[in-house]
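My questions will all concern the structure given below.
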Amino acid sequence: MPATTETVLGVFAHVDTTVRALEELRAKGYHDLAVYTPIPVHEIEDVLERDRPVSRVRLFTLIGGLTGTASGFLLTIWSAMQWGLITGGKPVASIPPFVVIAFELTILFGGVATLIGLVTLAGLPRFRRSPTFDRRFTNDRFGVAVHCAPERRPSVREILQSAGADEVRP
Amino acid sequence: MRPKAGVGVLGLVLLVVLIALALTNWSRRPAAARPSAQPINFPHNVHVGTYKIDCQYCHADARRSDYAGLPSVTRCMGCHKITAADRPEIKKLADYAAKGQPIPWVRVYKVPEYVYFPHKAHLRAGLKCQQCHGPVETMTTVGADTGPQLPNDFLRLVGLRPTGPPLSMGWCIECHREQNRTRDMHAPLDCVTCHH
Amino acid sequence: MNRRDFFKIVTTTAAAATAGCRPAAESILPLVVPNEQMVPGVASWFATVCRECPGGCGVIARNRDGRVVKLEGNPDHPVNQGALCARGHAALQGLYHPDRFAGPQRREGSAVAPIGWDDALKIVAEKVTALRQAGKGRAIALVSQLEAGSLGALLDRFTQAVGARPRLALEPFGYEALRAANRVTFGRDAIPYYAFEEAEVLLSFGADFLETWLSSVGHARGFARMHTFRDGRAGTFVHVEPRQSITASSADEWIRNTPGTEGLVALAILKILIEAGAADRKFADAVAQIDVKQAAEASGVPVRQLVQVAEMFGRARPALAIGGGVATSGGNAVATLTAINLLNAATGNVGKTVRFGPDSAFGKVTPYADVAALTQAMANGEIELLLLGPRVNPAFTLPGGLKFADAARKVSLVVSFSSLPDETTALAHVVLPDTHWLESWGDYAPREGVLGLMQPTMNPIRDARPWGTTLLTLTRTVLGTEEGKGPLPWATFEQYVKSAWEPTVGANLEVALQQGGVFKDVAPVAVTAKVAAVDAAPPKLDGDGGFTLLAYPSLRFYDGRSAAASWLQEVPDTMTQAAWDAWVEIPAADAAKLGIARGDVVRVQSSQGAIELPAYPSTTIAPNTIAIPIGHRYAPYHLVPGGLGARESRPYVQAPPTTMNPVALLPAAPDGASGGVPYLAVRASITKTGARRPLAVLQATHDQEEREIAQHVDLKTAREEALRGKERELEPIGMYPPQHYPNYRWGMTVDVDACIGCQACAVACHAENNVPIVGKAQAAYGRQVSWLRVERWAEGTADHPQNMFLPMFCQHCEVAPCEPVCPVFAAYRTDEGLNGQVYNRCVGTRYCGNNCPYHVRRFNWYNFEFPAPLDVQLNPDVTVRQLGVMEKCTMCLQRIIAGKDHARDEKRKVRDGDIMTACQQTCPTQAITFGNLKDDQSAVAKQRHSPRAYHVLEEIGTRPGVTYLKKVVREHAPEKPPAGRGSA
Amino acid sequence: MNDSPAASPTFADVNRDVLETLRPPGNLYFGWMCIVGLILTCGILAWTYQIYMGMGAAGKRTPQMWAMYITSFVFWIGIGHAGTLISAILYLFRARWRTSIFRAAEAMTIFAVLTAGLFPLIHAGRMWFAYFLLPYANQRYLWPNFRSPLVWDVFAISTYLSISTIFFIVGLVPDVAAMRDASTGWRSRIYAMLSLGWEGEHEQWRHYRRAYGLFAALATPLVLSVHSVVSWDFAMALVPGWHSTLFAPFFVDGAIFSGFAMVLILILPMRHFFGLSAYIHDRHLDAMGKLILVTGLVLTYFYICEAFTSWYSGDVFERASLFWKVTKSYAWALWLMYFCNCISPLILFSGRARRSPVVLYVVSILVLIGMWFERFNIIVPSLGHDFYPYTWGIYKPTIWDATIVIGSFAWFFILFLGFIKVMPSLSVVEVKETLPPPLKDAARAGHH
């Protein structure tokens, strides 16, 4: 990366024009893109995710869930052994009822871990608004921000405009 | 995250629960007397430490009753008719004896009403008084230092294992378990032995 | 922290934070001078004699730290042999009754004010002196209860010394007719000793000997010995009574007769026996005029049944026939009892099961006729000073026709020595409270040869003085003598009583006091029966109502003197299972005709007055007969009126608008032949008032609905199984290995065959385990806390209704449904086979209460109160449970702990019999056994393996630690559980 | 997407319409708030009284140690099922019609669970010790009994509440961001904070969508488990009428049934007052009507199974319990339940009824009544006629427990009323997803 990069933002009103711009940009080798959409759009995902791995959130879920299962059984069995009290003639470490606890903890830990995964991977919370963000992006506009070397700016503007951007800045 | 109405309420409920938890633990603390509270300033260190009087000479019921018992005024006067009779504190004692009144000692050690602690069984098991009551022979005034339980619980919550405060249940249990482990005793660990 | 603290915190958090919420420092007071008899924290036991009824059972009182906390029967005492009835236990509540007089009282008009002892005594002394000086010593009358001991002698000395009328020993149930009949037949004015334990067949004509008749605890002990199935042997008991009473429920054959025809039945049986040659022929004259068929018709008992009973009775060697109860107190009472005497004499039972010699103290009761005469004298203004002893309540117990209260108002000075306010103290001008018998010296000889000694079991808690001491002081003042001189030289009653013991006890006072008395056997005296014709025709009844009124003494309250005890009010009547209130038992058919349902208030009217009571329709009472228990009184504690802020837990009901006393309906005239109270004397009419006062009936239904909770086996099978053993049933199959018990496994057995439904166990449990009282409203709504309930299950056919009594309490299941549902381990299984319940861990989810199939877990719906000083009675070894906590039977855990502690002191294991639960200890029929199931030699383990053993609701698989033994039903009962049902 | 009506709103319309729901409320709203607040106050006072007096203030007794509180607890837990079911299960099944209702349903879920969660506290004899049920390290070395279904409840419900709340909040993040950008001033700043700085950048969407799917996958078994666990409070007990393997699916079905009824009760007025007919179409109502009908029929099947097994088992206790319920003191409650839950939904076989808000509303109310009584009929009559005839008895409610139960409804509605005025009760993002995406070519074609 050069020492300085510039960002060009194209604001689109339509999905098809956005997709067209993205295809074009990728074809020209621009990969450092930030795309803002009010909703997740399949067509855009198709373009962008061609070369990206699946979100790692699921790993968080898996680890969290397994931790939950293990801690569920550990907590119940270990705490039952603390006093070894018999109730209803059942063994101290009675597994069937403990499955319920383990199951619930699996879900709980899995869910919390997923949340943590989401927050960290999505870079939340974000305290400062990124310069390319526009409040219309949560309404009905799509934004494509292209990070590029200063000298490439005109060509990027050209691509965006020709794709059908309503507005290109700077 | 967004504390919505529901979450806020949940938080509030949790807060209330925590406060309640803190207060319950705090108020369930066994009563502890302040040193100055006793009607007569009785120095255990002089009686036990200096004169080596056996605990059960005065607390004579300990070996046969649930209660350790307090010496009768006449028993105190048995020695103090002569011994140190000129001291101001002893004069107070003589005063009670003359009036035939009991001495209103302030209770120092107390377990809650739902706990049955028999002194007899503990003495039969060969325990020293000091095991529970601390080094009485060095105390000018006996005061039960039975700390609050909540900080303790919190320490446990984060994985530390502080020794239970004296006269708390965990502290009793630790000793019972240790006696069974180290001395091959049969200290009961059944809930209803003490709670009935 | 308790709930109140919590409430303080949630409402005033800031205040709590500053105030620090630190528990207030508590003082502990040492003794000034050590007491040799007492170690704080260790119980001492003092033997004395129960004075709740004239039965005179020995009791031992458990004194903890200076306060009596529990009573038990004295095992050394020959009358009750360790057992104690419900009323005996409840004596403690008289001792600690909140309404006990704090000291002497003086009444002017309706205002009652405390007064000093000296002033109070002065009033009485001046009156006595004035009357003596005026030569009107005969205007002084003294009425006491039956005092068969030194006090009685002292009272007689007193009346002589001051020149008063002879003392009256007033007992509402005085058995005058029994004495009169014995005079007629045997020429002895006495009540003999009935050896129940030696009879093979017992034939009772209305005698409620398991409830109140003579000495119920002693009889129950004897009855259990003759009747309870043991090793293939069991006696037979036939009971003739117009209604199914608790006693009738224990009978193998209950014969429902028309009231007042018991004599006819007895004579008919005697006639059959003589004709069959099974009885002494010389008695033939007595029954010459008897026609069995006519007798059968009059009594409503079929001839076939009479013959059956006669055969059974004639075959037995020996048998015993007794007569008593309300039905034999009518105008033909003496004739009826004479007929029964002849029956005994003709079959050779006199001298064997009927023994004169060890005569009962009841022979010393003043006949009611004399009491009636005194009342008449009072009404005529002949009495100016009336001295009424403690526990004497003529305003309540004497027939309404006598109008005692009106007569008493004509007496210028009425002095009562009662310690508790009642209907009579309300008439007294001066009350000089006696010490409670648990605080007093004294003695009591319930029968010849048995002298029970009484000693104070604790210091008086009120400013009361022993009656004897008060009279001694009074005599000295009146006669102007000094201590040690004159006809009554003793300074105190204690001195007097000890000097009275000198000849019998001598130097062995300490031993005798420890033992509870001086007991020796008295040889029976030979008597001969006089044969004479008996006219036992049913009595003429007063009034023209449609129903014969049976007023019968209550098992729980006797003549009403025990009614102030809330334990007895809380524990239900075993038959109706109604707590707290009285009722009138009406034949169900008549009730249906009149449109009366249970709980409808009914006006019962006789020629003497009317009372209003809730109705209880019953299928087990003779037609055209109604029955009302005597003794239901309300003695409400002085309570703050309730409001929103007041606790709803106030358990004590207010007095009902009218009296509930059926005695008020009786005429004044004594029975001519005996001078007794004619309890069977009036015909009454009943009308529906339209009001409702629902009864607090605790048992939803007496029908087992195929549950097989109380089980029975017929005698033949039981015998066979007892001799040959029973095929072992399959061991219960479980998913888990059986529990391991390292030391002991505690268990209990209950012999349903022995249980007589006397409720002693339930009251003993209340006393031992600090079980709170909930009051009528809460009890009616299923919120009783009693750990033990005695259930009545109706069986048999409409012709042969039978009852089974089943004490039900925590079954201490091995596979306990209550335990695994508790979220906090408050309920768990101990390794000694108990179901532990940790009160301080309990959160109050009540899941265990739902899941217990026996519903023996009790919840503290409120903070039920123990109004001071009843709280002094609380057992210090048992936690008092707080609101919101579940509780239940612990098998007297505190006793188990004490027993193990004792055994460890002696370096041994607990032996069988070391530990007794409170219910077991008090059971008059020894129906309850407790012990270590691991020990094969223990009584409980043997019974658990009895062929009669079963578990309640066994099919649920809870494997209870409590085993029941089936009731053994005799020949007359149907072979199989019948389709028809008894009463509901 | 192609089934959307011709005059479908644009993305901007959605933002505008949703923002419209958050405008300062009118007098009607405050009137409702006052009424509900008043009832809630009564409920709180009644609870205070009950804590002061003891559980005796409520009409419980032996044998009905449980009564209206547990009835209401199960009822509210059941209500709490629809939200997560709609958001999770229908999400996984890609049922498009969920989008316009799921936000309100999720909020309803959380509030219902919060309401339900109060009842164990209200019900406990010593609620100040309720924390004993939590597994926390303490000096006494004591732990809860994990064998107790009540502890399972603690875990199931707290997990359900946590996961539902997380799910709900995560779903709200992009919407709140939209609200942030659509509003101004302090509102905007608050929304900005709550939106965690969400920008709708693709990298965020990528993880978001994956996480959302995972939440849905986790929540699906959870939804089924929660009411199963609650049903085991009964099924694990011995009481005749409780001890049944049928209970878990039976309860889950009933929960969905009542949950959808409650959704309708909340959605229909919202649609009316907020003018959301453009988003909540008749076909949405139709779909929900069908679901109610189907779950109602399944429930009827369960009722038949329950009665049949009780009778056919030949078990004396089960039979007695059943016959008593059907014919004796509580028969009115049982037959009321049968009418509400089995008969009244049958009208939904008619397509016109399914599209009629009035019919749906009436049926929903009947269903809620029926489902409350279903739990009542399980708890109170079963306990009233169980193994032991001695203690059989009839439960009578008191003014105190009745007020507390009614107060719980007020508590629920006050939470919901508050919610609809501060948060988008329609999912901005998901509604937009169901709209035709803005296409230039299509737009051009349209202009021509």
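Order as written gives the chain letters A, B, C and D; numbering starts at 1 within each chain.
Heads up, the rule we're going with is that a contact is a pair of C-beta atoms (placed from the backbone, for glycine too) under 8 Å apart; a residue touches a chain by one contact, two chains touch by 3 or more.
Predicted model only: the values in this text are computed from it and were never measured.
Enquirer: If you average all the Cα positions, which chain's own average lands nearest?
Expert: Smallest offset from the overall C-alpha mean is found for C.
Enquirer: Which pair, A-D or B-D, has more C-beta contacts?
Expert: A-D
Enquirer: What is the chain whose Cα centroid lies farthest from the Cα centroid of subunit C?
Expert: For subunit C, the chain whose C-alpha mean is farthest off is A.
Enquirer: Just how far, in Å, is the C-alpha centre of subunit D from the one of subunit A?
Expert: Whole-Å distance between the two chain centres: 30.
Enquirer: Taking the mean of the CA coordinates per chain, how far is subunit B from subunit D in Å?
Expert: A distance of 51 Å separates the two centres.
Enquirer: Measuring from the mean C-alpha position of subunit A to the mean C-alpha position of subunit B, what distance in angstrom results?
Expert: 59
Enquirer: Quick one: subunit B and subunit C, Cα centre-to-centre, how many Å?
Expert: 45
Enquirer: What positions in subunit D touch 2 or more of the other chains?
Expert: 128-129, 141-145, 147, 151, 173, 196
Enquirer: What are the residues of subunit C that contact at least two other chains?
Expert: Within subunit C, the residues that touch at least two other chains are 1, 6, 10, 817, 820, 822, 825, 828, 831, 841.
Enquirer: Scan subunit B for residues touching two or more other chains and write them down.
Expert: Each of 20, 24, 191 in subunit B touches at least two other chains.
Enquirer: Please name which positions on subunit B make contact with subunit D in the complex.
Expert: Residues in contact with subunit D: 1-2, 4-7, 9-10, 17, 20-21, 24, 149, 152-153, 156-157, 164-165, 168-171, 173.
Enquirer: Show me the residue ranges of subunit A that touch subunit C in the complex, using the header's touch definition.
Expert: That would be residues 83, 85-91, 97 of subunit A.
Enquirer: Please output the residues of subunit D touching subunit A within their complex, sorted ascending.
Expert: It is residues 10-12, 15, 135, 141-147, 151-152, 155-156, 158-159, 162-163, 166-167, 170, 173-174, 177-178, 180-182, 196-211, 214-215, 218-219, 221-222, 225, 229, 232, 428-430, 432-433, 437-441, 443 of subunit D that touch subunit A.
Enquirer: Spell out the part of subunit D that touches subunit B in their complex, as residue ranges.
Expert: The contact residues of subunit D facing subunit B are 107, 110-111, 114, 128-129, 131, 136-141, 161, 165, 169, 172-173, 176, 194-196, 415, 418-419, 422-423.
Enquirer: Which residues, counting only subunit B, touch subunit C once they are in their complex?
Expert: Checking each residue of subunit B against subunit C gives 19-20, 23-24, 26-29, 31, 33, 37, 61, 64-67, 69-75, 96-97, 100-107, 110, 112-116, 118, 120-121, 124, 190-193, 195-196.
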